[in-house]
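Following are the structures in question.
Presented sequentially are two complexes of subunit A, the first with subunit B as partner and the second with subunit C.
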Partner chain A sequence: MFNLLKIVKNTGDVTVKYPFAPLELMPAFRGKPEYDPKQCIACAACTMACPANALTMETDVKAGVRTWQLFVGRCIFCGRCEEVCPTHALTLSQMFELAVTNKVDLYERATFSLCNCRICNRPFAPRKEVEYVMALMVQAGIDANVVNTRRSLLETCPECRRRQNILDKNNIILNPQSIWRTDDDAE
Partner chain B sequence: MSNEATQTTKTRPAGSKLGAGYVANVRQRFPNAIVDEERQTADQLTITVKIDYLQDVVQYLYYDQGGWLSIAFGNDERSLNGHFAIYYALSMEEGEKCWVVVRTLIDPAHPEFPSVTTRVPAAIWAEREMRDMFGLTPIGIPDERRLVLPDDWPDNLYPLRKDSMDYRRRPEPTVDDETYTFLNELGDEKNRVIPLGPMHVTSDEPGHFRLFVDGENIVDADYRLFYVHRGMEKVAELRMGYHEITFLAERVCGICGYAHSITYANSIENAIGIEVPKRAHWIRTLLLEAERLHSHLLNLGLVCHFCGFDAGFQQFFRVREKSMTIAEMLTGARKTYGLNLVGGIRRDILKDARQKTMQLLDEIGREGSELIAMLVETTNFEQRTKGIGILHPKVARDFSPVGPMVRGSGFTRDVRVDHPYAAYADIPKNVYSADGCDIYSRAVVRINEFHDSIAQCKYALDNLPDGPILVEGFTYTPHKFALGHTEAPRGEDVHWSMTGTNQKVFRWRCRAATYANWPVLRHTLRGNTVSDAALIIGSVDPCYSCTDRVTLVDVRKRKAKTVSYEEFERYGIDRVRTPLI
Partner chain C sequence: MTLNNSSETPKAAHFVPKLAEVDEASAKLKATLLHNIQRSAYVYRVDCGGCNGCEIEIFASITSLFDAERFGIKVVPSPRHADILVFTGSVTRAMRMPALRAFYGAPDPKICVSYGACGCGGGIFHDLYCVWGGSDKIVPIDVYIPGCPPTPGATIYGFAMALGLLGQKLKEKNHVEAEGDKSAVAHPGAPLDVRVKIERQARLLAGYVQGRQISDQFVDLLEKNDLQTMPQLIEDWCVKADDPRLRSIVTCLKETLDASLNGEAARG
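Here is the complex of A and B:
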């Protein structure tokens, strides 16, 4: 008993003043993800990595838009989104006081317009992502004008591009001597 | 009183394969039993036996070869080989230390198998669960009640069968009444029945306890859990990728979640043979020990609380807060560290954090020792814990309990030493056990482990190897399986995973430490008084939570009396003015 009293006396007051004074956090603390829509290219990498499905992406083909959404109510503050984001659009802040009186306030959304394919005229990727690819090519040292001339190719959906690359049989001219003889031919 | 088996760090010769001796012994004893043999890792072997030999082989390995049953489970392998499979994972701890998993195939046309529980009691919960989840009937099982599924669950719907159900669809409850029978094995109808729960005693997941009492003495106890079964295994199989499950596994427990996360990651790493970088192993080990610090301090605090020593409880929590600070500093969160991926960890430890952690560890060590000294010399503490809640070594041997529970009964079981994982083979440590078999012994084990954890954390920080912390770019091969294991503060967590296609897991079986400890609880409650019940349950160290209320039923007068939980707890602490009258 005497020892306990001694410990109590030596310890003094350890209670912190929170919430009447700010709570001291470690610099490494992971809180609510801060989102910068200007940086985001709507690539959906974060929504694939999010273990809790707090991050989702919905594409509305009719309206030609894709909506990114964060639902803080599901967020587990793991920071996987921050890790996989190619453009640093997401960073985990120190914010932890996230209670709201209205559930709607837990949602955060951003809408991006989609890029239509030049051939089939169907949306295939977010416009910002296409622009980002072109910017990357410029960064990689390709002349800006050259990149611009490839715009029509980059604004074509992968399916149409593939179709364009399939050559018509009649157009193929092969050197007859280079054709491999098969067993069928031998018969 | 307290034993110490000092561990001599045995470094295994590289590439040595363990466990072949056991298989040879089984072959010699039962020449026609083994159909197939497959090795997963250097110390993990799976043998497929004929179904008729299942009981014999498990019994032989368990009692004659020094095995302990860690985990048993079913798996729906009809899409792979046309059969159901059941697995009994035995941790071999006498002689060569390794894992031998006994597997047997079951024809879907006759979904039954001979119950191993009749020979090895430790299989009881696992076999009841196999029946609930896969519809595989253990023939001859002594307890045919449901374990996991609610009373009104449809009879022919088995949740973990691959073709049975979408995890989002759950049949609506049809009745409100419970039809579960609680068994009074030792007493008779004259005993009073004290139901505690369904939100009850000190356990995080709601559990319903029935104490069968004769006056103040507990004759027998039965309990039912799984009121909030979360269906994690099904969610993991159907909806998550292999990386995401590390975060799900972390949420199995609110106290020792990181251990589960590591256990899962280990099982996948073992299955597909990923070599985790050394530094990642060391940091994982460091964090596991930091987790043990906070968990043991929590339990010691709660032991104080249940002995009616709340000032001590507050002091332990004050010191425990420092271990939470360490976690926040090193991982970014006080709990659910979120640091693991399959193949390593996500965050390194930098110099500043390292120095600050060292300083905090010193403080925890100093202040914790003061408190422990104070606790041990408090007469009330010894009075309430010595000779109470006896777990007889024979019962322990039969039921394979884990952690401080089994170490408090004289066994030196600890997977950190028996099957070293992460960096435990390189960090010096001791295994502590005590012979009292009572609450006091369990507390003594925890006290010793607390000191040892601090030493291990410091050693890990001082000797942290350099290098990368994560491997990426491995090939995720389908249908490989292995065990993962971790010594969590409450005992070993064992997971078994089979990889699947499409970046998913085919089957994830997760066994938490307390799952292995529940079946022995009724034995520790028997012969004690009602006022010790809360303390005994607390000494198992299940996850705590507050409790609604306690209903007291007098079966003879057919009268029920409900008292608040505060009142019941007060009685446990003061032990005057019984609420039973």
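Here is the complex of A and C:
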């Protein structure tokens, strides 16, 4: 009995002080995905990786915008988005106090503009993604001025690039079911 | 019947969400009681078809380590005794009626908590055929606690919020891309092909998350220092970290670096 009391005394108080003091977390604790909209290039890699569809991306071709959305309520904090993000725009933070009274507060959105093809004038990629590709080319050792002169080529959709390389191109329709086409811009 | 893919209406019209009703008098009573709560709050957990992970975390938060009972939060075995109903699980077709029976069985006024990723929005089961996708489809919810499952800390925070003791931290965010926004390239000082090779090798050896952290640190060293001092800096880093796994990974990365640099020299 006396021995037991001694053990109790030596062990002390094990209950954490939270919420009166901050909770001690492990360094690898996975909390809310922290999003940096400035770094994001709207490539949608995270939305492909997200197993719970907490991350979604919708493209509105008519308005020329792409909307990224995080619904924290569905997030399972697996960290796959952080793994696949090519620009470090998503990192899992230590934030775990996520309870809300209003469901709307669980959403985070970001809107990005699309880049129009120079030839067919249809949006084909997010503008920031094209810019990022050009920045990577500069990093890979190509002169910045040379990259800039290639801008018109880079801002052309793959379909139009292929068409430009074909002789007698006016007779051919490539990929008529392209996802970027809308009903009213049929030729 | 046509299928609709819009997010507002259910994909297949096999159910129509209808909220359980709360009469005005009890809503008013709840607001008054929450304004000045002076007693314990008893919790009953309603399993609407969860995986049991949330239940385990609820019981973890009433153990001695987190001890929710010091705030008077007690888990009770019957909805008749409950002040707070905790709905876990994504509301399967079979568990909808039992959940509603528990809801109507609890005396008014009551606080409804949507617990876990499944309760908040269906979680990973949100588009299954037999799933209603969240407890807010069947009962009026006061507090949403996301997490898969929510940690005991998040649970205590959520209950404190339900009782009006702590404030909400998360807010809705809408970012709009500014004109001329550009995302920065990582490690602009290091050659791209070397960086890619090192990152691939590190991710192969240490996994995606730790691999990236190690390669980031490695390329950072490479970027800021010249090649002659690299071996010494790597040695310092390994000694400081005192981890044989890190040492072997970093040795491999150094070999990759040397190989790619020698390859470049050989090319011309």
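Criterion: the second predicted complex is superposed on the first by the 155 of 187 C-alpha atoms of A that agree within 3 Å, B and C clash if a C-alpha of one lies under 4 Å from a C-alpha of the other, contacts with A are read in each partner's own complex, and residues count from 1 in each chain.
Rule of thumb we're sticking to: contacts are C-beta pairs under 8 Å (C-beta built on N, C-alpha and C of every residue); 3 or more make two chains touch, one makes a residue touch a chain.
Note that the coordinates shown come from a computational prediction; the quantities given were computed from them, not determined experimentally.
A.B. asks: Kindly classify A:N3 by the partners it touches after superposition: subunit B alone (first), subunit C alone (second), both, or neither?
C.D. replies: The first partner, subunit B, only.
A.B. asks: Is A:G73 in contact with subunit B, with subunit C, with both, or with neither (first, second, both, neither)?
C.D. replies: A:G73: touches subunit C, not subunit B.
A.B. asks: Should A:V146 be classified as contacting the first partner (subunit B), the second (subunit C), both, or neither?
C.D. replies: neither
A.B. asks: With the two structures laid over each other on chain A, which partner does A:E83 touch: subunit B (first), subunit C (second), both, or neither?
C.D. replies: So A:E83 meets both subunit B and subunit C here.
A.B. asks: Counting only touches as set out at the top, which of subunit B and subunit C does A:P51 meet: first, second, both, neither?
C.D. replies: Both partners.
A.B. asks: Looking at subunit A, does subunit C or subunit B touch more of its residues?
C.D. replies: C
A.B. asks: If you stack the two complexes on chain A, which partner ends up touching A:C120: first (subunit B), second (subunit C), both, or neither?
C.D. replies: neither
A.B. asks: Under the stated touch criterion, which partner chain does A:V14 make contact with: subunit B (first), subunit C (second), both, or neither?
C.D. replies: both
A.B. asks: Could you tell me if A:D105 is touching subunit B, subunit C, both of them or neither one (first, second, both, neither)?
C.D. replies: It touches subunit C, and subunit B stays clear.
A.B. asks: Looking at the overlay, does A:V61 come into contact with subunit B only (first), subunit C only (second), both, or neither?
C.D. replies: After superposing on A, A:V61 lies clear of both subunit B and subunit C.
A.B. asks: Considering only the contact definition stated at the top, list the common interface residues of subunit A for subunit B and subunit C.
C.D. replies: 14, 51-52, 76-77, 79, 83
A.B. asks: Which of the residues in subunit A end up touching subunit B in this complex?
C.D. replies: Residues 1, 3-4, 7-8, 11, 14, 25-26, 28-30, 49, 51-52, 76-80, 83, 92.
A.B. asks: Over in the complex, which subunit C residues touch subunit A? Could you list them?
C.D. replies: Where subunit C meets subunit A, its residues are 64-67, 70, 117, 120-124, 126-127, 134, 136, 141-148, 150-151, 153-154, 156-158, 160-162, 166, 168-177, 181-186, 188, 191-193, 208-209, 212.
A.B. asks: Per the contact definition, I'd like the list of subunit A residues that touch subunit C in the complex.
C.D. replies: It comes out as residues 14-16, 18-19, 23, 32, 35, 37-41, 51-54, 71-77, 79, 82-83, 87-89, 95-101, 103-113, 127-128, 131-132, 135-136, 139-141.
A.B. asks: Inside the complex, what are the residues of subunit B that reach subunit A?
C.D. replies: Those residues of subunit B that touch subunit A are 240, 243-244, 246-248, 311-312, 315, 318, 321, 325, 328-333, 336, 338, 346-347, 353, 370-371, 373-374, 377-378.
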